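In the two assemblies presented below, chain A is common to both, partnered first by chain B and then by chain C.
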Partner chain A sequence: MNSMDPFIAAALFIILAPVVGILITGLDRILTARMQGRVGPPVLQPWYDIRKLFQKKQVAVWGAQSFFIFCYLIFIIFTGALFFGGGDILLVIFAFTLGHVFLVLGAYVSYSPYAHIGAERELIQLMAVEPMIIIAAIGLYQVNGSFLIGDMANHPGLPILLLPGVFLGFIYILTFKLRKSPFDLATSHHAHQELVKGSTTEFSGRTLAMVELAHIYELVVMLGFIWLFFGDNLWLCICAIIIIMVLEILVDNCTSRVRWQDAMTSAWFVTLVAGAGNIFALSIM
Partner chain B sequence: MLSNDTYMELLIFLILFPLLMAGLLTLIQGENFRRAAVISGAVLVGIASLITLADSITTQAVYYSVPVDMIGILIFIGDILISGYIISVSLKARQYLVFGITILQLILLCAVEYLALADHAHIPELFSDQLSGIMAAIIGVIGGLICVYALGYMREYHAEHPDRPDKRPRFFGIMFLFLSAMFGVVFSNNLLWLFFFWEITTLCSFLLIRYPETDEAVKNAFRALLFNLVGGACIPVAFLVIFLGQGSQYIGLHELVTAGPGIALIPAGLIAVAGLAKSAQFPFSSWLVGAMVAPTPVSALLHSSTMVKAGVYIIARFAPVFEGQIVGILIALIGGITFLAASAIAISQSNAKKVLAYSTIANLGLIVACCGVGTAEALWAAILLIVFHAIAKSLLFLSVGTVEHQIHSRDIEDMTGLVTKMPRITMMILIGIAGMFLAPFGMLISKWASLHAFVESVPPYGILLVIIIAYGSGITAFFWAKWMGKLIAVGEPQTKDESHIPRSEKNILYILSALTIGVCFGFPIISWYLIEPWLLTMYQSVTDLISLSNIEIMFMMLFLVLIMPFSLARFTHSARRVPRYLCGIPEGGSTAFMGSCGINREIALSNYYLDRIFGEERLSRISVGMGIFLIVLLLNILIIGGGL
Partner chain C sequence: MSYLQKSPWIIHYDASSCNGCDIEVLACLTPLYDVERFGILNTGNPKHADIFVITGGVNEINKEVVQNIYEQMPHPKVVVAVGICACSGGVFRECYNISGGVATVIPVDVYVPGCAARPESIIDGIVQALGILEQKRHAMNAGVEGTV
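Let's turn to the complex of A and B:
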């Protein structure tokens, strides 16, 4: 990724992220199935799902739902383009939050009990992870001396060596972002959900396809964040991502969903102890 | 542009004209006449303040000595009159604490005057620079708009509460007096003058809060008075330190700030304590929450353009003195804790005005934190915060006031589906909320800049503030977003009805919404032409906090957010409508379903308030405790520092 033109990098993200994301999600589903003693779908199943959803007839409680989800998708793509274009990391985080607020609003509009609780929980998740993401950005700044992702990506050493706590905290909240158990409060990939489908209950057809697509883009952006902890050591980074994803899937399959209180307070606690402690120490030294 | 003398005449006009209007309005009884007077007065004040702003771009700071010798004595007599009035009302209401503090303040002030008689240096009484210009524009434009809005609002208010005494002539008189005093605060160079105007704002807020004359209103008004007097008492102490220790030439604001921390730190710290009380930081915050009993335009005025802004203004003035000092760090920590705690408490509130009140306290905390850090970058963020907050918050208060008169409730739960009943007003509330926390809009730019500013300054305390903001911003997103969700969640569409809203109210809301969006586009201009030149004179160097490429990206986002709603129509008709999923058979309207045993049930949804974690009482107790500890620590340092 060295010194690539930001616009080309952003365009590559927009085109390639769905491919990468769909492959990762597909492998995720196979691995999950194997852990559960099933064979699992083909690797490209997520793509078949999205394609089929796009062909379905549009039904909705209120038309405005699709509007908000469209905004959600657009701003998640915008965030990713900004990220891989090498923009300011804080701006990326704020754009990310904006995107999620649109998702939450889309869930609220329907006034459906399940979507409503899903939306509230989505917000709780947002509140739980936001501190850690900002602290990660600050930690990366302390190591690189720049807020630009373009500069961070070219760091010759291993930032993770200076940011072990931040990295651990980030992995912890990654579970929220990947919507994996035990923190899949708002909506879950699995069928055993007490909220039907939570925040996505009232979405169908094209709207649901946009949600799925946005999740896939989101996944790639989150993995991009992990990359920043490894500077320009690309191979090490890919190994780390594989290990982390396998661990996440393992945790997803052997834990049960926790209550929101536990999810939020534990995330804040880990953020404070691991993340904040780490950047505070860096600032003293 | 204007010559210096004309410019000074403009400043004096801005102070005296609202005063004149105040006198006039107190006498006017006829409603039509009052209407004409308020509108023309507000327009004149607004225009004059904008000219001041425009002129401060091109001129260097201007200083001006008032050629009348007597005026110093008049100011002193004014101080005594204010104290006398407070003493009489506090005795009548048996508020002995207020009485005692006023007496103490009076004694201190007499001592100061005694010293000033013996030795007084000639310093310019009035001045104006870019910061004064910005503040004047906020006071003149926003304050003026609120006064005009109040015309329609107060008529409805008295129709709704026939039991409360109708003292509207006096009400509008005090509103304009308030504006006059605020102009006085931002244009005074002589700190004795500044204190005089400062006390007038305290008095005005007291009178406005007790306007409903209910027991609760009177009680809260006295609390506001008490807290502001306790803070205000630090100012005469600061004067004593100046006269006894450093010499009377430092009674000028400009002279004091440029003298550097060696001379200015102790007086600046003491005056900042008064600023903390006025800007409702913990432990003083409860007066601002209590001020909610007043009619909504009063809340809007106190929260956006006057009163609390006087508090942060004075701290911002002394910010260069605080840079890198332990006093500054303590002030920044008080601000930071206030930001975090007040945001957290806002989560547990369902009363719209209380949510707004706590969010005001939180944002002021962020401004105070920036000022306490005191670097050029942090101050840049602070001034932008003041601007953005004034506009967005006044918009929110006024639109909530309008909604309140239509649905007769200020509870957020009662605003469910407001978008179908009052689409325009809802749109404006949404703009206001977006302005408070979402990405391309105002407040977020400042939050971003303050993160940039804190990360490098006064290690390791800067990082502590960064951590506080990290937590605070998640919390902020939570309570604003759930309010937005409530507004747009539509169960059964209500019939659209916005026709009862007075036209003046609607127009003011339109103007404020346009301003909220306008400053997002205009903030680079405000920064280049006003804030950066001002910081350059204070710090001799300024670095760009937000680079041009980032501003371009922000504009791209802003543009994206603004054009999005135009595609709304396409989406609304593209889908076939189906009833929502209720895990039962939908009945009649789509918000009811047939549950088990064939019973019809209506669904009712309400938001999370997370009381157990973010309960008001618990959190206030903790944060007031921390606030008291930090304030006492701060005063200790100032006293010991003064003794050494």
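Let's turn to the complex of A and C:
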């Protein structure tokens, strides 16, 4: 990927990420159903859902929410394009965070109490996750000597061997980012929770479709981060992603949602012990 | 088949049901019937829903609630009245607090009678609702329905 022209790589991401993301999400739903003893929807169900949402009439109490959600989608796509174009990992993280800030703003637009609590929890999730993502960037810098993703992807060895703690911490926060139980505080794929649909309660039609699409791009970006831990060993990386996704789905199906205090303190604990401990060990080696 | 028919999301509301029909609606989600095979999801959020599944007769207190949920749903939308009480008021029809079937408050597209309605007939009712949903989408695009 890195030997490619950055613009071509970014364009490929914009076109191919929805395909890959929809297939992964569709397989996720089938695997979830199988774990519950059901048959599950077709693989392309996430695609049908998004297309259907575009066919619905737009209902928004305040027009600003559509604008914020559009910005959310654009910044997530920009993040991914920057990532797969081999850009600076710090810039990727900043753009990623900014995208989520737009999601929170979109959820705050309406006066719905469900959306407001969802937005607050979205912020809590950001607080829980951000330190670990930055530590992952620092760890990858220590191994590669560069903040450029283009250089990291060229690493001949396995950075994961030097960064086991960082990798573990990253997998822990991946559950937040994939919005899976036990850390699906802000919004969930499952119905009937105490917040109705949390931060996405007030979105409908095209706006909700943009949220779903942004989640799919986000999934591909997060899996891209896992790739950086495996350097240029692409097959090993694909095996690792499959194992991690199956584990995430298993955990999603056998745990219930935790309180936000537990979610945040445990994420920070893992960040401090596994992530920062790893960085410290690497720096004195 | 349009995308609307491949991904119908449902909101289920218990007007004043005895819970018999509610159990049967929820039974549709269980491994035995598994309506997610058809892309049907129970959202619990009117703004995400396409099909309003309502059980039990409407009473004087929750008339406004039923109306409110219906109005929050974006077009195109259909209403499925599940169980004989939702269809006509059933045995509770003469009660002092019951207004009657769901049709006294909002327009109903599909009636699924039964006491309690069986999951097979509920699924059949929803599949019929999908056809009406598609008609309503065409009507909406033609500017006939949902323009308000």
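Here is the rule we go by: the second predicted complex is superposed on the first by the 283 of 285 C-alpha atoms of A that agree within 3 Å, B and C clash if a C-alpha of one lies under 4 Å from a C-alpha of the other, contacts with A are read in each partner's own complex, and residues count from 1 in each chain.
Simple rule for what comes next: a contact is a pair of C-beta atoms (placed from the backbone, for glycine too) under 8 Å apart; a residue touches a chain by one contact, two chains touch by 3 or more.
As the structure is a computational prediction, the values presented were derived from the model and not from experiment.
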| item | value |
| --- | --- |
| Clash or fit (per the criteria above) of chain B with chain C on chain A | fit |
| Contacts of A:L213 with chain B and chain C, given as first, second, both or neither | neither |
| Partner chain(s) touched by A:V59 [first = chain B, second = chain C, both, neither] | both |
| Partner chain(s) touched by A:G40 [first = chain B, second = chain C, both, neither] | second |
| Touched partner set for A:V196, first chain B, second chain C, both or neither | both |
| Partner touching more residues of chain A, whether chain B or chain C | B |
| Once both complexes are placed on the shared chain, angle at chain A toward chain B and chain C, C-alpha, multiple of 10 degrees | 120 |
| Partner chain(s) touched by A:A276 [first = chain B, second = chain C, both, neither] | first |
| First (chain B), second (chain C), both or neither touched by A:Y108 | first |
| Overlay on chain A, chain C to chain B nearest C-alpha distance, Å | 5 |
| Overlap of chain C and chain B interfaces on chain A (superposed complexes) | 57-59, 196, 201-202, 205 |
| Parts of chain B lying in touch with chain A, wherever the complex brings them together | 416-417, 438-440, 444, 448, 451-452, 455, 459-460, 462-464, 466-467, 469-471, 473-475, 477-478, 481-482, 484-486, 488-491, 550, 553-554, 557, 560-561, 564, 567-568, 571-583, 590-591, 603, 605, 607-608, 612-613 |
| Interfacial residue positions of chain C with respect to chain A in the complex | 2-4, 6-7, 30-31, 34, 36-39, 41-45, 47-48, 50, 72, 74-76, 137, 140, 146 |
| Chain A to chain B touching residues, read off their complex | 57-67, 70-71, 74-75, 78, 82, 87-88, 90-91, 94-95, 97-98, 101, 104-105, 107-116, 119-120, 123-124, 126-132, 134-135, 138, 141-142, 147, 196, 201-202, 205, 207, 261, 264-265, 268, 271-272, 276, 279-280, 282-284 |
| Contact set on chain A toward chain C in their complex | 29, 33, 36-42, 45, 48-49, 51-52, 55-59, 191-192, 196-197, 200-205, 208 |
